[in-house]
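Read through the structures below before going on.
In the two assemblies presented below, subunit A is common to both, partnered first by subunit B and then by subunit C.
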Partner chain A sequence: MIADFFAALFGVTLALILAPFLRTLINRTKARMAGRQGPPLLQPYWSLARLLRKGAVYSTTTTWMFRAGPVVTLATMFGALCLVPFGGNPALLHFEGDVLLMAYLLALGRFFTILAALDTGSSFEGMGANREAFFSALSEPALLLGVAGLGAITGSVSLSGIYGRLGNSAFLGSHLPAMIFILAAFVIVYLTENARIPVDDPTTHLELTMIHEVMVLDHCGVDLAFIEYAGALKLWALGLLITGIVFPVSTGSFWLDAGVSLASMAVLQICVGLVESLMARLKMGRVPLLLGIAFVMSTLWIMWVVR
Partner chain B sequence: MAFFLLLSLLIYLLSGLASLAMGRHPAWGTRIVPFGSAAASLCALIPVLYVLAGGTPVDLRAAWSLPVGSFHLHLDLLSAWFALPVILVSPIVSFYGTGYLRRHDRPRETDACGFFLQLLTGGMLFVLLASDGLLFLLAWEIMSMAAFFLVVFEHEEHEVQRAGWIYLVATHLGTAFLFAMFVLLGSRCGSFDFGDFDGLGGVADVVFVLAVVGFGAKAGFFGLHVWLPEAHPAAPSHVSGLMSGVMIKTGIYGLLRVMVLANDWPAWWGWVLIGIGIASGLGGVIYALVQHDLKRLLAYSSVENIGIICLGLGMSVFGVHSVGPVALFAMAGALLHVLNHAVFKSCLFLGAGAVIQAVGTREIDLLGGVQKRMPRTAALFLVACAAVCGLPPLNGFVGEFLIYLASYWSVLPQGLPSVNPRVGGFVVISTLALIGGLAAMCFTKVYGAVFLGEPRSGCGSSATDPGRDMSVPVTILAALCAVFGLGGSLLMLLVASVAARIHPLAMAAPDMAPLREASAVYLNVTLAALVLAAAVYGLWRLRDRLLAGRVVRTGPTWGCGYPHGTPRMQYTGSSFAQPIIAAFRSLLRSELGGDWPAGYLPGRSSFMTHTPGLFMHRFYTPLFAAFARVAVRMRRIQQGGTHVYVFYVVLALVAVLVWSLL
Partner chain C sequence: MTDQLVIALLFLVNLRMFATSRLDSLIRGVALQAFLLVCLAVVSREGALSWEGWTFLSVTGLVKCAVLPVMMTRALRSAGIRREVEPLVGYRVSLFIGLIVTGFSIWAAAQLPMPDGAADPLVVAAALISMITGLFLIVARRKAISQAIGYLAMENGVYVLAPALAVHGPLIVETGVLLDVFVGVFIMGVIILHIRQEFKHIDIDRLSELRD
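Our next item is the complex of A and B:
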């Protein structure tokens, strides 16, 4: 019990420290693919440090809602991080239906991000806000249904229970196709939720086609640092849901499990970087179709699991 | 205990009559209604709490002069649970209504409104207590008619007359089905007493269908919901709050009351309820998203929440035939959502009423920046918005959490022969998730367009927060949203006894231990919420600490280099809903129109969207038009001359004679 607690605490601490580094991995991959050298390894940390040292400019249109957005978003990400198991160990907080709390905490953060964007009265941010709201509404069923599929396979209704048992190879044989479809759905949800290509382009924010970046156009300094850090944590927390399926670990050795989890997280980010290098962003009208595909894939497990 | 119930009903009646009689002393007349309501609620609370705490059901029979039916009141766990929202919300709404109507300055209608408000509240309580078919229909009609007179408060306005008319027709069509249902039950069972309806007289399936249609018209099942988006905008805001938050739940109560009398719940009932849940939940939220009228939007959102309740009921039907806690969780979730929806929806309507009264319009796209002028109302409205989206730690999450949990349990491999619960759970999870996402979109639209940004028109430039008489009731409701959310565990314990004793469930899952466990599990959510609150506070302080002593300037919103933006160029509620209109084009059939800019130097241009209710537009309007055409033709036999009617009488007599001879 105590050991589990410290293991989970270790996982959360790792996430808090290493999460910004995931950006480096993605950006380095993209740079290598484009034949560039890429930013320094610790660039995200320097950026955060610089933002934290800045003053602020607030629009006269904004109210406390605008200031609450980044704070609530970061707080909800801390919460979500405490619910996701790391390295086959139970999460800091785990109970039946914890996935619901995780999904709805993300929704709470999104609710405030959207309202903060609308608080500026800017049409650009309104545009980003409504896309974020719409696309996340479409991706939510895929996530929750995918977890239900994993639950049906492993016989558990909590994230820690599910990911703890996935390491048992008994599930692999007959359920392999179901797992693959759930994984595919999760990858699409991952790219959507983290505002990556092919749904969103994280590198520019002055185009009308952007989603997440355009919502935080007016945020600066400390607020922007909070948002960037929350984004990195989200990349980590949702990433664990994917790496836990691909590399389910239960070797028994704590350090080995943690090492495998970290390595698989790095591989995941390199894959994201590869996707970004090899694909263009989808036309905005196509995104609902992509999310529809994710939803369909998250439903297909029923053919192997319920007979 | 029965004494308190009768006293409560009597207080409703007497205080209503007194408010009518006090017309000449408005100061007394307006006070008598809320205080009467509070006193009646307190009286009713005693037996309700007694029954919920495990006391024996309260039963009362009295003399009855009609040859059929009986005066039989019965307060069991189910009635007691549904009485909770009535008791809790109605006095709050009543106090708010006093302040609200004072600002309207229509003394005559105000007196009548007080009377009918008492009649509506008392009628709802009467419906929950009535344990005899005829008595139930009587109570049902009192409630429905009182609501009608409340809807037509501003009776000289054409729109209001139309809304009232639609409500009247809808509610009576529903009642017609209930008549048929009770007559069928009465003829089968030989009495109208609910106690004799055990097993539903062997015609459970027919009765179920009649109940779904009859009670569904009141509850606002999608397809039967057409009166909600008409009546709620027309009625005064506190009446909309009471009708939308509490009255429509009597429909759910009626349906459950009938279902409880059945020996068993066949699986197809579950599919019917889940189908209704999907249609109402998704249809309600999508239609809510595309509305321009604030109160009409809230009315559609009620349809959505009724859908969520139906999803829970449907899962519960499946759960009866499966092992594990599915039935119990789903039923408890549905019942909790009944209570929680009453709280946050009435809070939304009361908050919206305060805004509408201050700015003078219900049109979302004319508003903006209201938060700066009405900060208190805005904060309370935000709490209710987050609650209706089911966001933790507010109360909307509690019921949804249990329904989700039931669905997650139902997909687990349990070695069951039936696939119904597993496929049902699968469907419910995806529907609830989509509803949740779209509801978040809907209510960020409402809050963003109404309260944030800059004012889009001159509407309500001098708006301020309402006085204490209106803001205190809203504050109480918003506080209840938070309290019920944080105290979700206690609510689960309270509902456990109700859900576990609902008749067919009591056979499958006689104990409420799973719900006790779920309530312990929910403590984790409360814990997480407290940690979250601490984190928010800490981060806020951190930001303040970091920014202290640094340059913090203000300036205009960044317009990407374009300095001449006007408030009218902001994203409106309609723009926010545009992806929905595009994505669900075939379902919504929105009408787009206006003058498009043309030529090199375009002049004035305009754009409008309108989404008519599909059922009203494509089904009911043509149907009633066809009825009207037939009726016009029938008029030919109504000549108005006495000799013609004498001829008809003779004709009828001859016909009877011939028929008896044959």
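Our next item is the complex of A and C:
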């Protein structure tokens, strides 16, 4: 029990330290694909350090809501991170139905980001908030249904239980198609939730086409650092949901499990980078179709599980 | 396990055909559907195939996955269109109809009384969904070429249903059907080209306004 606790604590600490590095992996992959050298390896850390040293400027039209946004986003994302198991070990917090808590922590963070965006009174930010609310409303059912599928396969209703048991190869075999569908749905949800191509372009310079970036335009200094860091944690926490399916680890050796999880996380980020390099962004009107596909995929497991 | 995987991919390809607006990806979809159905015929069969079986299957595979798609692509290129812009049923709605139809075909396949020794109900479901996909494309799309593709998808479904129901000697019958389909698509390609040359478009509903 104590060993589990320290293993989980190690996982969370690792996430807190390494999460910004995931951006580096994505950016480096994109740079290599484009024939550039790319930013320095520790650039996300330098950016965070620089932002943390800066002061913040607040518009006079904003209220406390605007200042609460980044704090709540970071706090909820940390809470979600504590619920996701790392390397086959139970998470720091785990109980029956923690899946729902995780989904709603993500939703709460998003809700406050949206409120902060609306609080500025900028029409651009309102537009971004509008899109974020719409797309996340479509991606959330896909995530929940997918996790429900994993729960039905493994016979568990907590994330730690689900991902702890996925390492057992007995669930492969007849459940393989179901797992593939859930995985595909999760990948689409992952790209949507983290505002990556093909849903959103994190490097765009045109406010009219932004989704996530436009909502945080008015934040600066420490607030922006919080948002960036929360984004990195989200990349990590949701990434664990994917890598846990593709590389379910249960070798018994703690260090080996942790190593495999880290390596698979790196592979996932490189894949995200490859997607960004090889795909164009979807037209805004076609994004709901993509999320509809994610929803459909996350329902198809029923055929193989409930028979 | 392999057959389950093939069935899963088949469901996906069918949903893709429900949701895509690009005609070339629709053609690729129907070719992939045919390929998967041939794979399914191989893997879902117990015992080794005779050499006649292999010959029939490879001829079918060649015609359905290579010859017909190439013919369709050429018809597409000569007609000079790339996507179906205004379908009768929108693509998001189509996708959800596809989902409902998938559910329905699985339910229906489970209800059907099967002869002894027949295949997995999911194979029958895969056949049903392929047929329904074809039917849907014929009903809900305007371009003549989409409807021809729908016809092919329906034929693919029929093709997999016959071995699944363990009908005796289905391959010979199927080869005859294959010839018909081949000629059918050939004629359709020619007709599409002629419609295009005559009227500068291949929308079906506008043809109904023709007068003497």
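Following the convention adopted for this analysis, the second predicted complex is superposed on the first by the 305 of 307 C-alpha atoms of A that agree within 3 Å, B and C clash if a C-alpha of one lies under 4 Å from a C-alpha of the other, contacts with A are read in each partner's own complex, and residues count from 1 in each chain.
The working rule: a contact is a pair of C-beta atoms (placed from the backbone, for glycine too) under 8 Å apart; a residue touches a chain by one contact, two chains touch by 3 or more.
What you see is a predicted model, and the numbers here were worked out from it, not measured in a lab.
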Discussion item. A:Pro288 in the overlay: touching subunit B, subunit C, both, or neither? Say first, second, both or neither.
Written reply: both
Discussion item. Applying the document's definition of touching, compare subunit B and subunit C: which contacts more of subunit A?
Written reply: B
Worksheet item: Touching A:Glu276 in the superposition: subunit B (first), subunit C (second), both, neither?
Response: neither
Worksheet item: With the two structures laid over each other on chain A, which partner does A:Asp119 touch: subunit B (first), subunit C (second), both, or neither?
Response: first
Worksheet item: Between subunit B (first) and subunit C (second), which, if any, makes contact with A:Leu145: first, second, both or neither?
Response: first
Discussion item. Between subunit B and subunit C, whom does A:Tyr104 touch in the aligned arrangement: first, second, both, or neither?
Written reply: first
Discussion item. A:Asp257 in the overlay: touching subunit B, subunit C, both, or neither? Say first, second, both or neither.
Written reply: neither
Discussion item. On the A-aligned overlay, A:Phe134 touches which partner chain: subunit B = first, subunit C = second, or both, or neither?
Written reply: first
Worksheet item: Which partner does A:Thr299 reach: the first (subunit B), the second (subunit C), both, or neither?
Response: both
Fill in: Touching both subunit C and subunit B, counted on subunit A across the two superposed complexes
288, 299
Worksheet item: Which of the residues in subunit A end up touching subunit C in this complex?
Response: 173-174, 176-177, 180-181, 288-289, 292-293, 296-297, 299-300, 303-304
Worksheet item: Which of the residues in subunit A end up touching subunit B in this complex?
Response: 52, 54-63, 65, 67-68, 71-72, 74-76, 78-79, 82-83, 93, 95-98, 100-101, 103-105, 107-108, 110-111, 114-115, 118-127, 129-131, 133-134, 136-141, 143-145, 148-149, 151-152, 155-157, 206, 217-218, 221-223, 226, 285, 288, 295, 299, 302, 305-307
Practice prompt. State the interface residues of subunit C toward subunit A in the complex, per the touch definition above.
Written response: 1, 4-5, 7-8, 11-12, 15, 19, 91-92, 95-96, 98-99, 102, 106, 122, 125
Discussion item. So in the complex, the part of subunit B that touches subunit A is made up of which residues?
Written reply: 368-369, 371-372, 386, 389-392, 397, 401, 404-405, 407-409, 411-413, 419, 422-423, 425-426, 429-434, 436-438, 440-441, 444-445, 447-449, 452-454, 517-518, 521, 524-525, 527-528, 531-532, 535-536, 539-540, 542-543, 546-547, 550-560, 565, 567, 569-571, 575-580, 582-583
